[in-house]
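Take a look at the structures listed below.
One chain, subunit A, appears in both complexes that follow, with subunit B as partner in the first and subunit C in the second.
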Partner chain A sequence: MENQGFNQPKNGQDTARAVLELRGLEAVYETDDGIVRAVNGINFSIAERETIGLVGETGAGKTTTALSILRLLPERTGRIPSGQILYKGQDLLKKSEDEMRLIRGACISMIFQDPMTALNPILTVGDQILESLEVHNAENRTHGELESRVDELLSLVGISPGRKKEYPHQFSGGMKQRIVIAIALACEPLLLIADEPTTALDVTIQAQVLVLMDELRDKLGTSMIMITHDLGVVANTCDKVAIMYAGEIVEYGSVHDIFENGTHHPYTTGLFQAIPNMKEDVRRLHPIEGLMPDPSDLPSGCKFHPRCPKRFDECNDGRPYLYERGGHRIFCNLFREGFDS
Partner chain B sequence: MSGILKTVDLKKYFKVGRNRFLHAVDGVNIEIAEGATLGVVGESGCGKSTLGRLVLGLLSATSGETYYDGVNIYSCGREEMASCRRNMQIIFQDPYSSLNPRMSVYELISEPLVMNRACENRKERLARVVELMETVGLAQRFINSYPHEMDGGRRQRIGVARALALKPQFIVCDEPVSALDVSIQAQILNLLMDMQEEMKLTYMFITHDLSVVKHISNEIVVMYLGQCVERAESKELFKNPKHPYTQALLSAIPQPIPGRFQRDKLLRGEVSDPIDPEPGCRFAKRCRHSMPKCSTGPIKLKEGGNKHFVACLLYD
Partner chain C sequence: MPDHAAFLTPAAGAGLKLKKKSRAKEVWRRFKKNRTAMAGLFIFALIMLVVIFADMIVSHNTAISQKIRDRFISPGTQGHIFGTDNFGRDIMARIVHGSRNSLLVGLGAVACGIMIGGLLGAAAGFYGGITDSAIIRTMDTVMCIPLMLLVLSIVAALGASLVNVLIAMMIANVPHYTRIVRAAVLSVVGQDYIEAAKACGTPNSWIIIKHVIPNAIGPIIVQATTAVGIMIINAAGISFLGMGIQPPTPEWGAMLNEAKNYMINYPYTVIFPGLSIGLTALSLNLMGDGLRDALDPKLKD
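Showing the complex of A and B:
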């Protein structure tokens, strides 16, 4: 009974304010080589104006989670066998494709990782922002009104509206990412999913883009899912953090729970030890030994146990114990009551 | 101190139009002692990769010299160059595009051995490939695998094995970990440090990430638009960054401590145009401390004690 799932709402008080809520979401890719279990039953919810960070290595299922929310999984292979995605209480998995088209971009929009490939190279940036406004033009605004909205959006992200007739190749990487942000925010969505928005950028430009996103979020009241593998970015932008491993959330809590509290999932501890520390002088780094498991052949029990330095027999099967202290949740047998290491 | 590698006023200009030149590397003097690591840091477009290719002789310089073990690599004969080449190697940034997808791991690692006729026969070559795979921590079962079957960390290990195949003395590491996840990044950095200790290797480590370079370098050069703006020993640079650009780079790294960026310290604007730059400090337009005299003439690197060189009028 104790391990029903992560972040299951107990009495619905979460659902009232939540912009988005995931319940037991599973996503698989059906390939010729077998079923790839990319997301294995994750639960979390995002309140208004809240930013949640999804952290994990390549292959942890972060991007698959994001694509599932927008129902953008590849048509032929991607499938969501179970779970619910509630956007303001409505299950997105029950919507038709036409209804989803009206939600994407207008209610939930996404910033993709690589600004170099996210923009169409043969359309001017102004036209690309306009496209999103035209698709979701519910109020039947005139072309002139929409054009002035494009100017407004460009100045919002710090680009001179005079450059709207230019093509993507005429902009630098940081500028392109600003344009992608302008497109994503064009219809003032309630929820923004940012998939590694700054990974392809230099540190100085990354800082500028993160500050810009922060300001826009405050101004527009948007909720955000920040997908990243950089714990530094999370610490500087998020309110809540979910650490993902092999398609599961292994630890969840407020940014202070994750970055300050002493109790952590061994994987979280490993991630922190692997980052080069700017303050201390250590010659060797401490990587997590081994590799992320193959998602088409996941280990039984705790998915992290083959790499875990603190594993014991109990970890081999069954769901790990759920440790919970005031919103901070860790899935690990180490914290089982009466257990003594 | 006599370095194994030394450049003198090295310049590389690319012609980009009629009488217009892109100043990719503009008067860089570096020296790397044997067995040491020089970190080269800067944003995209600052010329750090061009510098790496210049010192290997993969690009010809517009002016200036590079000496490897006392040999001027731009004016030496073909045979001398060939022997230098064997001793100098490069590890590329992207393990996804730097490996030929049609070659198996065995073919990839043995290629440099074949090209340089380093092994007498097949048996010896196979033994050497297996030995190299063991050195870089690749399980032997991958010997007949192809790059697409492997993840980024393992692919980068192939890149390291290829660079080590001819037992070089000097390796240019061009952003070897920036395409990798943090946990894998740490594995590769540790591997590079172990290799250095075992084989007395000399590294030139090119990266845009100061936190990576801190651990591996003895000395660090900070580059901005083709010029070296600050040079110091690693510890000294992190303790006491002097150039406003270095300070900005350091404060832009997101720290894993909850809180928001200190906005007042962030850099405004982006790297300006490297085509025919104006005289004076190239960073002046983005600098918080810029003064009228910053744009008057060339600014030289000056030592302010502790082997700490900085090119900034604030420290005149």
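Showing the complex of A and C:
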């Protein structure tokens, strides 16, 4: 485990009332072509009622992180060689499959990226919401009680309960995503993992869904992991942000640290330069040159150095320097003390 | 539209209209709307009535007693509605009694084949990995043997009889259905809603019953209904080779085979058994198509 101790959380208060805490989590896919290192030792924690944004390009390991938390990595290839996933202090990686099944949906649930495919086309939406309730019906509530809970959930997400006997194809994309949210919230989970919940929706519907999720989070007090590549979504919804690159967190901090503060990882700076800025007049946007490294053949040293505009020899090997101010953490040699840029 | 209020607020309208309906009722309601499917069901129901009440329609003895004197009587004369065959046996009586054997072989081979093949295919598709490889490679091996040869060798080993033909054809068909069901299940298992169900903590057994099977069943139903006619013809081929149904037992496929030498001069000897097989296959096809459409809520109007 080469990365342990490298990304370790230093903020003691962070972990005290954490709903979920990841410690040095690694996830790999063992394919015929070799081992794909999708997640390489990440650490973060989520307190109650807190939303953390996982931001990064496609292939940064965001979804793999989410699936690892629920232990839903593909059985044949996915493996978690090391690390801990602590849910209220208990390591989920040590739970049996049956125990995990009871946690999924009831304690931690997930919203999938594409609402068009996340609903079973031949079951009514009411039945699909009901399913989650039936699976976790520990109190042996009657069918009638569960049905009324379905009505309640549908009104909660702004859909008339009268439509619960309709099939997914009779709803628009935004409404389907509302139903997916209703399913995820059915058992009042403590933690909600939203995997790019707005990517498949058009912009006006995106806004509606985000507002809805915000409202529900405030109402139900759910913690949330918001996975996205849209920095606008992060600014609107998150308390904390983790910027991921090649399976590592390269920068971590509060929304304020990431969006307002001047000190950033070169990758974060690159991400911001790639989107239009309201305050500055820029003629052209600056995409980050090159591509995400192949996760089955990661570069040595800082994973970002082949694409980094500010790289120097030291970046080629060894771990990048950890810069830390308050809760703001950056893993980059640029901030090494005594280094004169 | 008379009900303007419902038109203006579709959600509220739907709430009033939609009463509690079980899934089976819902499927039946949609099936009823499909006229061709209902025609198929009607024809099949008639055939089943013939199967059940065969002895009341005409005695079994009429179907097998030979009167060389009465060979090749034209249909509609001397009390023989469909005429008589080369041994002077009444063709209608043979069709009525042959329906039992033909349908038993056709439906039986397909139903058993699908049940066994379906189980194997579903297991292969859902669990994947070694289970998948083991099942599919075994099936491929069986598939390598030509169908007729395989059936003949099984019947030769078990002894010639109707039930053994059924068993042999069932075994020969299992690989085919395993492949179809596996393909259908694979296309469903990769879907997001299966993963979403897992993320909700739904047990595997629920996922298979509630999500995988209902979504995969469409192509299987269509294949199965098409296969019944083919099975009847195949059984006839085996009877022709002397390994299947023994004369004088009436069976539609066997009747076709016996009559083929006289086809030019006495075409009715092949037309009636042929029509019976055709009608059965047609009615099942129509029903199958209708059922597939009724099971898919997207096609609901």
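As a working rule, the second predicted complex is superposed on the first by the 324 of 341 C-alpha atoms of A that agree within 3 Å, B and C clash if a C-alpha of one lies under 4 Å from a C-alpha of the other, contacts with A are read in each partner's own complex, and residues count from 1 in each chain.
To be clear about the criterion, a contact is a pair of C-beta atoms (placed from the backbone, for glycine too) under 8 Å apart; a residue touches a chain by one contact, two chains touch by 3 or more.
Note that the structure is predicted; figures quoted are calculated from it, not measured.
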So, on subunit A, is it clash or fit between subunit B and subunit C?
-> fit
So, A:S160: does it touch subunit B (first), subunit C (second), both, or neither?
-> second
With the two structures laid over each other on chain A, which partner does A:E324 touch: subunit B (first), subunit C (second), both, or neither?
-> neither
Could you look at A:D151 and tell me whether it touches subunit B, subunit C, both or neither (first, second, both, neither)?
-> neither
First (subunit B), second (subunit C), both or neither touched by A:F112 | second
Can you pull out the angle centred on subunit A between the C-alpha centres of subunit B and subunit C, to the nearest 10°?
-> 70
Regarding the shared-chain residue A:S132, is it in contact with subunit B (first), subunit C (second), both, or neither?
-> second
Between subunit B and subunit C, more residues of subunit A are touched by B
Given the touch rule stated above, what does A:A207 touch, subunit B (first), subunit C (second), both, or neither?
-> first
Considering only the touch criterion stated at the top, classify A:I288 as touching first (subunit B), second (subunit C), both, or neither.
-> first
For A:S172, decide between first (touching subunit B), second (touching subunit C), both and neither.
-> first
Taking the superposed arrangement, what is the smallest distance in Å from a C-alpha atom of subunit B to one of subunit C?
-> 11
Residues of subunit A contacting subunit B in one complex and subunit C in the other = none
Subunit C - residues contacting subunit A, complex | 11-12, 14-16, 18, 21, 128-129, 191-193, 195-203, 206, 210-211, 214-215, 295-298, 300
Residues of subunit A defined as touching subunit B within the complex | 57-59, 172-175, 202-208, 210-211, 214, 229-237, 255-256, 259-260, 270-272, 274-278, 281-288, 291-292
Would you tell me which residues of subunit A are touching subunit C in their complex?
-> 70, 72, 76, 101-106, 109-110, 112, 114, 117-123, 131-132, 135-136, 159-163, 165-167, 169, 180, 183, 186
Subunit B residues touching subunit A - in the complex, by the definition given at the top | 43-44, 151-153, 181-187, 189-190, 193, 208-212, 214-215, 235, 238, 248-261, 263, 266-267, 270-271
